[in-house]
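Here the chain labels run A, B and C in written order, and each chain numbers its own residues starting at 1.
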Amino acid sequence: MSDPSSINGGSALAMVGKDCVAIACDLRLGSQSLGLANNFEKIFKINDKVMMGLTGLASDVTTLHELFRFKNNLYELREERKIEPSTFANLVSSTLYEKRFGPWFTGPLVAGLDKHNKPFICGFDSIGCIDYAKDFVVSGTASDQLYGMCEGLYQPNLEPEDLFETISQSLLNAVDRDTLSGWGAIVYIITKDKVIKKVLRTRQD
Amino acid sequence: MDVVLGIRLKDCTLIATSKSVTRGISVLKEDDDKTRILNEHNLIAFTGEAGDTVQFAEYIQANIQLYSMRENDIELSPKATASFVRNQLATSLRTRKPYQVNVLIGGFDTKTGKPTLNYIDYIGTQAILPYAAHGYAAFYCMSLLDKHYRPEMELNDGLKLLEMSIKELQTRMPMDFKGVIVKVIDKEGIRKIDV
Amino acid sequence: MSRRYDSRTTIFSPEGRLYQVEYAQEAISQAGTAIGILTTEGVVLACEKKITSKLLDNDGTAEKLYIINDSMIAAVAGMTSDASILVNNARVYGQQYLKTYNESVPCEMLIKKICDIKQGYTQHGGLRPFGVSFIYAGYDDRYEFQLFTSNPSGNYSGWKATSIGANNSAAQTLLKKDYKDDLTLKQGCELAIKILSKTMDSSNLNSEKVEFATLSKGKDGKIIRKIWSDKDIDLLIKETGVLDAKDDE
């Protein structure tokens, strides 16, 4: 009940396809059972080829988004190049571990394409342990349901269009079995030359 | 069991706060104003732990005014104001004694010419909403507002909607909150409305 | 006379001067020229590169132009090593402001912050002042495009067109003569090159000796910060025709 990671609710997941990755989240922001907003995005752009998802305590989602924007902007100014997804994952990890004994209550995800356009995804626990995966990563209050859906629907080497269908169905059907998630969804497909954003209309209950 | 309610309309934002101050079983005051003016186009309404609320609101007020004094009378936009307040609460949350204050910030952005309403709780959860309420009042009002709210509503329709919400609260809340003070934020600034 | 007042903490001389600060300013007037021009469509920054050697192994990035944030570029005259400390401070402050207010920092506020740091070193003791002047090109929604300079004393000022570094008074005179309020960005670029060609010692102007940057507004209203490539600079020099004009003389 008073678990900080499930006060506001919300879920996200990322999947690997053929030369592309997808990352998606729901749009609900709640206060326990009360729904507050249906436009709370939990996926943030880092650069043209890297995105991150942040679920958990909404306050920490906002704080960490601001913090990683801060760190990434300075990285780009000082290094004069875009950050690689694996580098960014390590930045996330060390940032989270800094708060080892008073953690941020979030479950971050990172998805992107590296400089050779090879897909990269990973997830984290709240203190920064990286969970590398070659298929999918999930996070949020519907994570149990998401694991089930992904195990059932995921296939390797999907083209962007098919990956979009798989990730959308996994998310939609998982959040329908979670009272704290849902209220709309957003899917991003990252390919080597563009990022496609799709807003999914879902049941509003 | 304070009532703090906000509705964003076509070209203004309405903020209503209950007039009662209670401690345990006693009503101590019945003309309390739970708002503070931050600058010409930003109003903060607050509820929460007694003592924390006014202390926090006036601390924010002082900082927003200090900004304008340093910056040649240029006022902070509603978005910047809300971000600043959220940051203060989020920082405070991880201190030994966090401020237990929930706020609504009603604003009018003079650059875009649009009214705004920001919901921020003591945890630092921030949401830009068309209508919002804190505490128990939210449970009674939200469904009503969900049904009757229209984004293109003028001030008069907004006041009717507000009246409807207050009436519902007076029926359903277990105690008398002594009515509300209503304030409007629009391009002219902030003013009180008699209801 | 000065010997007694410049070796320790910077203190006033009997004539009311701060020698250390003046020396710092003197050091800058030896450094490569930098010019800034405010136009109706944006801001132009142009710098002269002093050290050019065939043996210098440079990765091609600008050494006197720094991007501060999404809406500011700074040109440096003076000690590059000192500048990088201040630039880092500016960048961090820009990001701190963005984090607290979710809005881009107003130009003057950031400049004031940097100047407060500079001023500190003219007053409390033990350390020398920063040996750098800056020209800042910036944009914010309060005053749109802006041009500022700051010097080692910690003073800053806003300009329509200005210059710092070697021959800055000559450049300033030329700017005063040729500046018009209705310059387009293109005309601003040409004016900058023209003036640089006159104030620089070397005869043949080319991209090896010049760094160039512009700040302008894109069609979508976004601010474009562009540090020019060697190719673009050479093309501009050719178009401006400053080399041909010199041959005629």
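Methods note: a contact is a pair of C-beta atoms (placed from the backbone, for glycine too) under 8 Å apart; a residue touches a chain by one contact, two chains touch by 3 or more.
Please read all numbers here as calculations on a predicted model, not as lab measurements.
Of the two chain pairs examined here, A-C and A-B, it is A-B that is joined by more C-beta pairs in contact.
Taking each chain's centre as the mean of its C-alpha atoms, the one that lies farthest from the centre of chain C is B. Among the chains present, the centre nearest to the common Cα mean is that of A. Rounded to a whole number, the gap between the C-alpha centres of chain B and chain C is 46 angstrom. Between chain A and chain C the centroid-to-centroid distance comes to 42 Å (mean Cα coordinates, whole Å). Separation between the centroids of chain A and chain B, computed from CA atoms only, is 32 Å. Touching of two or more other chains is recorded for residues 99, 102 of chain C.
Taken together, the chain A residues at the contact with chain C in this complex read 66-67, 69-70, 73-74, 77-78, 80.
Those residues of chain C that touch chain B in the shared complex are 99-103, 106, 109, 141-142.
Taken together, the chain B residues at the contact with chain A in this complex read 86, 89-90, 93-94, 119, 121, 123-129, 132, 138-139, 142.
Contact residues on chain A toward chain B in their complex (touch as defined above): 7-8, 29, 31, 34, 36-37, 40, 57-60, 62-63, 102. Considering their complex, residues 61, 67-69, 88, 91-92, 95-96, 98-99, 102 of chain C touch chain A.
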